[in-house]
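A short write-up of the structure that comes next.
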Amino acid sequence: MSTALATGLRQTLDELVRAHRPAAPVGRVPDSIPHLHSVDPTSFGIAVATVDGEVTSAGDADVPFSIQSISKVFSLSLALRHDPGQTLWQRVLREPSGTAFNSLVQLEAESGIPRNPFINAGALVVTDFLLEARGDACGEVLAFLRALSGSTAPAVDEAASAAELGSSSRNFALANFLADFGNLRRPVPEVVEHYVRHCSITMSCRDLARAGVFLADAGRGAPAVATPSAVLSAEDTRRVNSIMLTCGMYDAAGEFAYRVGLPGKSGVGGGILAVAPGRGAVCVWSPGLDAKGNSVAGSAALADLSSRIGWSIF
Amino acid sequence: MSTALATGLRQTLDELVRAHRPAAPVGRVPDSIPHLHSVDPTSFGIAVATVDGEVTSAGDADVPFSIQSISKVFSLSLALRHDPGQTLWQRVLREPSGTAFNSLVQLEAESGIPRNPFINAGALVVTDFLLEARGDACGEVLAFLRALSGSTAPAVDEAASAAELGSSSRNFALANFLADFGNLRRPVPEVVEHYVRHCSITMSCRDLARAGVFLADAGRGAPAVATPSAVLSAEDTRRVNSIMLTCGMYDAAGEFAYRVGLPGKSGVGGGILAVAPGRGAVCVWSPGLDAKGNSVAGSAALADLSSRIGWSIF
Amino acid sequence: MSTALATGLRQTLDELVRAHRPAAPVGRVPDSIPHLHSVDPTSFGIAVATVDGEVTSAGDADVPFSIQSISKVFSLSLALRHDPGQTLWQRVLREPSGTAFNSLVQLEAESGIPRNPFINAGALVVTDFLLEARGDACGEVLAFLRALSGSTAPAVDEAASAAELGSSSRNFALANFLADFGNLRRPVPEVVEHYVRHCSITMSCRDLARAGVFLADAGRGAPAVATPSAVLSAEDTRRVNSIMLTCGMYDAAGEFAYRVGLPGKSGVGGGILAVAPGRGAVCVWSPGLDAKGNSVAGSAALADLSSRIGWSIF
Amino acid sequence: MSTALATGLRQTLDELVRAHRPAAPVGRVPDSIPHLHSVDPTSFGIAVATVDGEVTSAGDADVPFSIQSISKVFSLSLALRHDPGQTLWQRVLREPSGTAFNSLVQLEAESGIPRNPFINAGALVVTDFLLEARGDACGEVLAFLRALSGSTAPAVDEAASAAELGSSSRNFALANFLADFGNLRRPVPEVVEHYVRHCSITMSCRDLARAGVFLADAGRGAPAVATPSAVLSAEDTRRVNSIMLTCGMYDAAGEFAYRVGLPGKSGVGGGILAVAPGRGAVCVWSPGLDAKGNSVAGSAALADLSSRIGWSIF
């Protein structure tokens, strides 16, 4: 990216912060995860990491936040890295799930095979896969995020993780269903704990954008990060991107695909990671969520950014 | 497209025909639609229409076939053309539906608002919209297809349409459900008949690719066709493309998005229309279907093509 | 029944009218069926027909009302009468359906075989069976009710029937689904029309109680009515009674079984027919319905009656 | 019961053993519960306890077997005994659930309130209620069964219970769902363990029939057992019986109601307890199950018995 271009992008991001931060408090912070309530509702950060290794940011882009479900992108990528035989796809599908309600019916109807790796049931299977393949899941995801972002800042928020584990009845229920169908190899408590812990990792927009840039670069680690060889094969990278596009935004995948035109994955911590193939990765963060669980100001800012710089894939 | 490029593409398409036609008879022709059984199961055609107005084809690209659900792309586009107030989106959603099974539950659970315009319930609402807005649906879709393709060949297969109407209990059921929820303005028999008729239009790969190229060109009619002004706004075009990507391939949208990396819409007649934004439209046809209702050889050929010429959006 | 007993029963019924009529207007008259709105909401009638041929009544027991779904008891009995080979049970099950919501899912999941003959889908199959076996359904049901009640008063309310047919989209939807699964032999419009018409029959409590008494008498026609031989075999009679108990009160079968302790069938016209095996049949009518579609004052009066005269089967 | 009557009943039961024992091996013993496989598949016992205190039996009526879900009748009765304020009914409904499949959807759709106390989710809530109200569930149920049967033979099969607890993923899943909806007061592991343990109680047909006779006697303890005062109010007894009739035989409640005509509760151990109000209780046992989980020979024998001695309530 030329200096002129970088300067233009910085101006654009600054404008996005000014334009979209006011909408941040409109959304709601979910009641289900107590520790998210201590976050400043007016927080708004955005960072863009391009495939040439540049990172541009604005607003609260260096403030760490709880990545929550965004971790599923990385646990999936890590599992694929360690799955040369493509065995994971016998245990989880790759299709949109429709509503959360339907996904429960689906789990029952399809004998314990989750619809995709981004619904909770599917992410629990991915976590179980890592535990079996690597002997660890949360630790591996954390190390992966640190290596990808070239930063030691990513860390598990232990207090938040412990609190969340105490209110994870739904995840324990899903994990026990999976176990009942024989689709879990490790003990339920171990799987749920590792899952909750890697969702409780905190990172800044800057580090997350940097960590995600390999998805924009056919699986190659960007020059600036400490992973010289390919993070993921080009094929698996396309796989992750297409799953993000069709399944990454809960029950608003279609809406996000249209408005932003990029593969994206959101978390209830208010973060969204979006990937522009061939260009770069964007991470935006603002805690207030819409009814479907996606950041209100974050979604709007990404739509705005994609439109301004012409990154939509459609 | 330079002559050299066109020659290269023609060679590629010829190779695709040789490589994928043998797989054509592997798939099954659906029992539900009798007249499809009279089609030669070894048929295989492919055509590419680029945004610069060139059309390249191979195999049975000039043989007309029943476009079936591919007509939904054009009925939707036509409805959006005549919906400046965006009222259609109050009557149909834009999210993936998961399985056919779930979509019925969904229709009930969400009070008669179909998940998207490409499932049958949603396409019936679109047809109803056209009937109310234009006084006609099938005739309008046919005229639209003729104008877009610059050909008078597209026609309704009246015998096939009559036969299909006689075995349309499921569509009558859906239409009555929609009517029960107040989401149909015109009488059920009229809506179902127009729907069945525009699905019974026959076209060749060449004409369908030509008709779809505006979706690759931000809504502009390609120079070679007789629609000088924009067919659709750039925004509505992105909308149609994103719905194709997330909902266009029945319950295999995720798989197609990954393998082909392009928005696509299939029909049980064995055709698939795919769109490469900024590049062009591809239409492939081969009658044998896989378990999810998509052309076996057609899907494989599109994956191969996309990979060879680098058109994947991911 | 001795004169003293009859006098006692009359007093009890009079007391029930006084006690429960005030609650009549509490319930709601359904919006879905317009002509029901012209009925006096304070109407309340009750009649008891015992197996010895006596009929005792109080309140508006001689006022005809729309029997609606109560007709399903008689269409089923009539079908069983003409089904020596028990073929009907290959086309409809005999199990409770859970909620209306589930019953739609069920129809899909179990390939068009309705859960029981009292949900609308099941009653449409019964109507279709009668049409095929007898060449007529509504006419046969009406003649059956007249013979059983020994009265020529039962009649189809033609205006109401026509109005209801015009707003029967849900029933047309169900019938088309059944047809799609091959579980309908006659044309959808004919089946729905006959179904709506036999639901539009009007009868008084007195005539309905009389018509139902064979269910309390092992299938024998009570002495006072013009059916000397058995109406139904003892076995089929128990079948009908057990289906009434488990499926007769929409999604309140369990509650009614407990409170009243008798097989019962309600209609949205506000009537309820209950059967006390070995004793007699009771019909109560009061138009206001509870949230589950059963007569508020009628249910309460039946619970009261059953408790006072010790007719609960539990 | 006169001596002549008792002699006649004994002969009838002997005939039932001869007639139905041969069908015992037809059914299947469920794979899900390993220890049931050690039981002799030709076992067949039957016992009738009448309200006058007599017990008549035949076949393997004194062989203890795993009562499994039959324990739900007693845990429910016990909970009602200790629930003067009827608070339990705010946490569990009393309606048939349709299929197991639907009941899971239902739990989700109705916010964690199980359809009835006999599906596993409902029985877990009842167990939780006992734990909170009495500080114990399994111990209380066992003491209740011993007092009702007047026998110290009923005991928890500790080895079987431990094995079953190890394969109770489905129950852990359900319990965690209930906890997620706030419908569990005690910790999930404690509730599931008590539930599995009271299902692992072993009893003979003789003792179970004796234990169930209060349900046939308006809640009164039969003279022969050590519970002089009422076990349950007449109203709560009717409640339990009506729930048994509508929900006691998994997805075959309607079929059982028709064929046997009595409230009944089956267990996957092959036992069935049936109640004839005003007459007595019957327990039959034979391990082979039909596709719906009910004893093949046991169901047939009960239908036969009910027909021979005229105990059907319909």
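All chains are identified by letter, namely A, B, C and D, in their written order; residue positions are counted from 1 within each chain.
One rule holds in what follows: contacts are C-beta pairs under 8 Å (C-beta built on N, C-alpha and C of every residue); 3 or more make two chains touch, one makes a residue touch a chain.
Since this is a predicted model, take the numbers as computed values, not measurements.
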{"item": "Touch-network distance, chain A to chain C, counted in steps", "value": "2"}
{"item": "Chain B and chain A - chains in contact with each", "value": "none"}
{"item": "Centroid comparison with chain A (C-alpha atoms), farthest chain", "value": "C"}
{"item": "Rounded Å distance between chain C and chain D, as computed from the means of their C-alpha atoms", "value": "32"}
{"item": "Cα-centroid distance, chain B relative to chain D, in whole angstrom", "value": "57"}
{"item": "Separation of chain B from chain C, taking each centre as the mean of its C-alpha atoms, in whole Å", "value": "49"}
{"item": "Where chain C touches two or more other chains at once, by residue number", "value": "101, 105, 109"}
{"item": "Chain A to chain B touching residues, read off their complex", "value": "93-99, 101-103, 105-106, 109, 115-116, 237-239, 241-243, 245-247, 251-255, 257-258, 261, 263, 277, 312-314"}
{"item": "Of all residues in chain A, those that touch chain D in their complex", "value": "101, 104-105, 108-109, 169-170, 172-177, 179-180, 188"}
